[in-house]
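Here come two complexes built around chain A, the first alongside chain B, the second alongside chain C.
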Partner chain A sequence: MKGIILLSGLLAFSGASFAETAEEKGLAIAVEADKRDQGWGDQATISKMILRNSQGAESTREIRGKALEVEGDGDKSLTIFDTPADVKGTAFLSFTHTLDADEQWLYLPALKRVKRISSSNKSGPFMGSEFAYEDISSQEVAKYKYRFIKDDKFNGRDVFVIERIPQYVKSGYTKQITWLDKEMYQPLKIEFYDRKKSLLKTLTQHDYKKHVNKFWRPGRLEMVNHQTGKSTTLIWKSYKFNNGFSSRDFDRNSLKRAR
Partner chain B sequence: MKELEESLGPWVLKYRWLIIVLTLFLVFGAASGGRFLVFKADYRVFFSADNPQLQAFDNLEKTYSHNDNVLFVLSPKDGNVFTRETLKVIETLTEKSWQIPYSTRVDSISNFQHTYAEGDDLIVEDLVSDAGNLSNADLEKIKNIAINEPLLKQRLVSPKGHVTSVSALITLPNIDQTKEVPEVMNHARNLAEEIRVLAPNIDVRVSGMVPMNNAFAESAQGDMQTLVPISFAVMFIMLLFLLKSFSTTFGTILVIFLSIMTGMGLGGYIGFPLTGPSVSSMTIILTVAIANSVHVLTTLLHGMRMGKEKNNAIIETLRINLQPVFLASATTMIGFLTMNFSDVPPFQHLGNFVAMGVVASFILSVTFLPALVSVLPVRVKVQEEESEPAMVKLGDFVVSKQKPLMYGMGALILVLVMFVSKNELNDVFVHYFDETIEFRQDSDYVDKNLTGLYIVDYSLVSSEPGGISAPEYLNEVESFANWYRQQPETRHVNIYTEVIKRLNKNMHGDDKSWMKIPEERNLAAQYLLMYEMSLPYGLDLNNQINIDKSALRMTVSIKTMSSNEILSLEKRAAKWITDNAKHIKEANGSGPTVMFANIGQRNINSMLIGTTLAMVLISAILIIAFRSVKTGLVSMVPNLVPAAMGFGLWGIFVGEVGLGLSVVTTMTLGIVVDDTVHFLSKYLRAKREYGYTAENAVRYAFTHVGRALLTTSIVLVAGFMVLAQSHFALNSGMGLLTAIIITFALLADFFFLPPLLMKLEKK
Partner chain C sequence: MRKGFLSLFVVSLTTLWINMLSASEWSGDVSFQARHFSQDALSSSQFNQYGSVAIKAQWYHEWDDGKQLMTFSPFTRWDHHDKERTHSDIRELSWLKVFNASELRVGVRKVFWGVSESQHLVDVINQTDLVESMDGEQKLGQPMINYAMIQDWGTVDLFILPYFRERTFAGVNGRLRTALYVDTTSPIYESGDKQNHIDYAVRWIHSIGDWDIGLSHFDGTSRDPLFEAGLDASGNPVLRPVYNLMQQTGLDLQATKGAWLWKVEAINRHINNESYYAATAGFEYTFNGVFESASDIGLVVEYLYDDRNSTATTPFEDDYMLGLRWTKNDAKDTTVLVGVIADRDDSSRLYSIEASRRLAEGWKLNIEARVFNGITDSNSPLYSLRQDDFVQVEVGYYF
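Our next item is the complex of A and B:
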């Protein structure tokens, strides 16, 4: 017994010299999560967003998405709005970049023109919802600095709790805390902290399913804004992989064709 | 009753130590409720939960966003906002304002989302960035954009470009508002100070809704810290002068102190908050409670000066005073309790605090006070029969000049009453705070130099989800906004149509002829979608567009003006909507400005019921007490006339009746009735017991109660004049008018009631 105490004392004493730091461990987990999600190639999704104000009044938006994996940078995505009716056919093309502003184009069917949105903002609300564009665009390792906080349990599942600090200067957040499932390496919960480091929103991801035997995707996202009392539910109705998309499906011309 | 009156004195003397100990025990038990008393830093406390204007506004805030703000107002001493130095400061302040606790949005000319076209690109960016490196041409360009931008001009920048502001929107969690508002305010004040140090050539002022909420709490705190000690000091001096005895003065002060502690402590248990009006209850309890002790002690000391032994004098004073002191307390309590009819919770709290304090003071005055006096050394000079030469003369004067007095007073009353109608119901809620209060000074400055602090918020509802993009709806909204802009009271109209017009222009290569509402609904909806995708964190449109995009919020800033002007403006706006709007389904103005504009009338309406009930109850009590319907009814003349005279005088010199004065009639009724009770009880005793004629009974009443009435009136006037010194207009106006009415009540009791009684006797 004494020997064990002595041994653990020694370990604690020398621990700092050989164990990885919390930052290193956090990064390692993020890299692992990224690695496990590599190689999905492309995907097509159908989803529905339900917006709720603090009184519980609801409004629905339906969108379809296509995405293409890009090695070494953010992914390319194309989003098509189906409802509300007055924006039907509006299509949004985005090239996500890790630290620079994204490149974004919008095709407006009423104007029959493609417009480039020149904005360095990624943090505004997406279609009036509680999701910011930066919350749902592709998550690249280099977007954040990481720090492992602890191992924990969340809803009965083993998780890593990791703090991540956005590296993009115009991010709306000062930090995020993620509860990352140890089996799936996917987040179960993320807390978003605003510029004054107060808790702004909480995202929980539900109904995970494994697709093409490899990639975990959530079926439902719940985002609650604690400061305004508004919330948004994002339901992924379907995922489809191996669509054979190429970068030609993600350029300005493809925008006009998309509907 | 008679038995009780006679047995009370011996009982008190027998159990004096028990009474003293038990009283202190009970009072401290009650007073410990004081730990629940908190200063409420929220203007909403003035509105009952079922107030329709409050409900409308709550609804609007839930649909869009809360709009309590902190407004930093910057005035560069060189008179030009558009310099590198000042713009740099604005950038800094904008950045730092995000750090204010509970801030959810910051608007300034620097982070204004300027949009323009560049080929096929839509550029959305901060109007000012990196101000230190701007060229002179850039500065000129920024100035041109800012002072011509309808969303900025007269909201965040003055048309001359000499004053600008940074507005931080605060969304309080409302978990513990007594902490949250001061927390925000402290941060804002420190930030303002930081800017003053950073840029000594810029004047920084702080205004907005959060500072207003804070001013409500701070002015109440200020009143408590200054007025309450002053009243105690004034009363102490007056008591020493009146009673000419230190130990009884000490006893009275103790009774007052314990009454206040009991009233406030019990209120604390119930959960009444401290607000401007309810804090004044301390001064009012103090003032009203004093009369009970004075009546008990005057008779006691008088007896001792006549050579009575102290304990006998105690028994005697309780025998004589139990009934009148009880009656006076009961009527005062009724007057204050009927303030529960008020539509304004702080006045209900005030009424209940005081009523409980008055009950405590009655019980203490007839138990604790005599018990205490019996154990304290009381020294008086034994004198020959005390004579009241002044009062004898006054009695003779009133009897001999009864006719001229009656007609003279009658004429004075009539003239004053005629001027009652000169009073206009009017409230300027920013003026609730006098010019010594920082919030008032800064707000006056904002009103004069930048924008309007008064805000009318509209939710303009279209007919269907997404309806805000329909051109017919947008055009009507545009016309409505333009109508408002043409009104002389309007300073600024914040409305989304300005955004969609500008986007339309941007999408047509910045061609000015496209600065109009898009002609097609889909186009407008898609522009909006695009714009929303381009906005940064915190600067979205969710604060002015509801979630299913069926309604727009229009925010109209108007100059500081009276409730009547606001109501008339709102009425004109409602008429415009009825006459012109087919596609706007609903448009109700709401917000604190509208709420305060309605509160005066609502409160007067509700207080009318309260006042009537008080009148009926008090008359009934007097009829029973005097055992005469006629006397009871006659007594109502000197009870009601003073309020009418007071409001008449107010009509001549002030002419504006606000919220604070709407409770005065009810409040004074219970107080002034005491004088009448004392005068009439002596008058009736002289007639019934001694068979005096009316004339002699009047003389008797003057000599026996004239001095007491004079002194209690002086005490009351002094107490309410202290209240009149409040920096919170609701209290100062209430204090002043109450003091005036009490003075008139004394005049009526001395010079109008006796001639009236003598006249009635002759019939």
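Our next item is the complex of A and C:
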């Protein structure tokens, strides 16, 4: 939070000056996007992932999520897997941090075991999908360095095209190009470039809706891996805000009773 | 008047029952298992091929805005040779109530304590369902009252355990057993209350940054039996399990430092007028995205120690475990774990392979193999398993 106030101060200052660099403009837009998405408090989601291999064979995963906004740090989240049936009841608790390593626990229902797991593998696939953990974890301003490229149109909408460089050493990406909608300040498209700097994946976000009069959330995400021909569709079936969650809903005991 | 009250009571109970059924959910799995033992058995009453089917179901019902939860999980297995392996159990039948800073759980449950992979010293609440798996990770349901207090300085769990469950053992026709089979019909208890002795336990857990710490104490009947030679009802020589009282204090600690997990479990156990220490310590390191793929390779190294040395009731008194875990991170969740537990003082080696993969939506394949190698010490608890190398193939259907 403090960091954001500081950044906004910087932004006001640089906005007044004539020669705003592409980096300053990119950062200013990222800060604005972050600011507009603050204050959501908590949310509960139901989603479905459809995984497709290069031959087009599909498999699905159904996931429920709870998240709690933490001021001045990353969010807390609890993810419960409903299908595939053999992993039903597996649950994942995560405390994300802007600067420190995330804290993560996994609950294995067959053994009733809670395991603290390493959070260093952010570039690994989430549930065998084309989404990496770093693609779906909470997006904090400090996670990237930004550079404004140009104003453009995407699917008939006005967008900022911004390059962002992950600051996390073990990120699977060297850069990302984002097409950020000027009205919603939400991405419509993101290109991911791998460690060899070649295009790896393209994400498009569709069916945006405004929730509780303030927060834009997409209804569907399409991630295509250009190198393997695999793709994943992520459908957000429902978003619910103002659930009254507290940190008690995000501890190891709540992980054990997650259903 | 009275009759009216009674019928009202019956009607409301019925309504409650219907509500519970309609708002509840069933899930579970049916698994078909084949075991092949590659060497001839020590006893002519044993076989080389075993077939088996198991069903585990789970029902739960949530109400009171998720603050109350009922869970019921019955389990049953049928084995085509081993009468002792054909068995049923209630894995879980419990009620949970969530309060602001505490949770109360009453009923039959399973609890897991600890951090290590090779053995589970600290984990003493549930009895091992040994006929299910020789790794000791399958447990019988334990009746309990458990009250958890959740504070900023950690969580304290109090347990009252009013009933004791006996360990399951392979029968006379089963493999993976002692040379003389264990007669479970005549156990010997130190406590005069036998199975009704009330056990107590307390545990504190806390996370401080990268560190997860657990401290526990248990006072009651030990889940690990000793054995005494005896005769069964027909006069055949058998082993009788002896369940002694014990007090055990345990520590488990994990430091999560990037791709490194550092782990320690240590216990001090008072049993049979002696006191001893045992520990497991080691690490797990994961190489992510190996061979330019999404695969992870994890290296697991643990040292297993028991200060009773050669008089220990465990085969793992001065051993190390090396394991390699391959996680493909694919849509089929393919994983393979290859490991060995080796004794530092002699040639005995216990090799294992565990592999699993989803076949199709709802279907899963599990393969497990164990090889007992170089076991020449006739005092070792593994000695009677020296001919019991096996491969197990299991196909499970999940609903």
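Some notes on this structure:
In the analysis below, the second predicted complex is superposed on the first by the 239 of 259 C-alpha atoms of A that agree within 3 Å, B and C clash if a C-alpha of one lies under 4 Å from a C-alpha of the other, contacts with A are read in each partner's own complex, and residues count from 1 in each chain.
Criterion: a residue touches a chain if its C-beta (ideal position, glycine included) is under 8 Å from a C-beta of that chain, and two chains touch if they have at least 3 such contacts.
These numbers come from a predicted model, not from an experiment.
On the superposed chain A, the two partners chain B and chain C do not both fit; they clash.
Shared-chain residue A:112: touches chain C; no touch with chain B. With both structures placed on the common chain, the touch criterion links A:190 to neither chain B nor chain C.
Using the contact criterion defined above for the overlaid structures, shared-chain residue A:101 touches chain C, although it does not reach chain B.
In the superposition on chain A, contact of A:124 is made with both chain B and chain C.
Residue contacts after overlaying the shared chain place A:81 against chain B, while chain C stays out of touching range. Looking at the shared chain after the overlay, A:251 reaches chain C, while chain B stays out of its contact range. Set against each other, chain B and chain C touch different numbers of residues in chain A, with B touching more. Of the two partner chains placed around the shared chain by superposition, neither chain B nor chain C is touched by A:93.
In the overlay built on the shared chain, the residue A:55 is in contact with chain B alone; chain C does not reach it.
Look at A:133: by the touch rule set out above, it reaches chain B but stays clear of chain C.
Stretch 279-287 is the one of chain C that runs into chain B, the other listed stretches 81-89, 153-161 or 279-287 having no clashing C-alpha atoms. The interface of chain A with chain B overlaps its interface with chain C at residues 51, 53, 59, 84-87, 111, 113-121, 123-125, 128, 170, 172.
Put simply, chain B touches chain A in their complex at residues 59, 62-63, 65, 98-104, 118, 120-125, 171, 173, 465-466, 469, 507, 520-527, 529-530, 532-542, 545-549. Against chain C, the residues of chain A that register as touching in their complex are 51, 53, 59-60, 83-89, 100-101, 103, 111-121, 123-125, 128-129, 170, 172, 248, 251-253, 257, 259.
On chain A, the positions that touch chain B within their shared complex are 51-55, 57-59, 81, 84-87, 90, 92, 104, 106, 108-111, 113-121, 123-128, 132-133, 170-172, 194-196, 198, 227-230. Partner chain A is touched in their complex by these residues of chain C: 27, 29, 60, 62, 69, 96, 98, 100-101, 103, 110-112, 115, 137, 148, 150, 155, 205, 207, 209-210, 212, 254, 256, 258-261, 286, 288-289, 294, 296, 329-333, 358, 361-362, 364, 396, 398-399.
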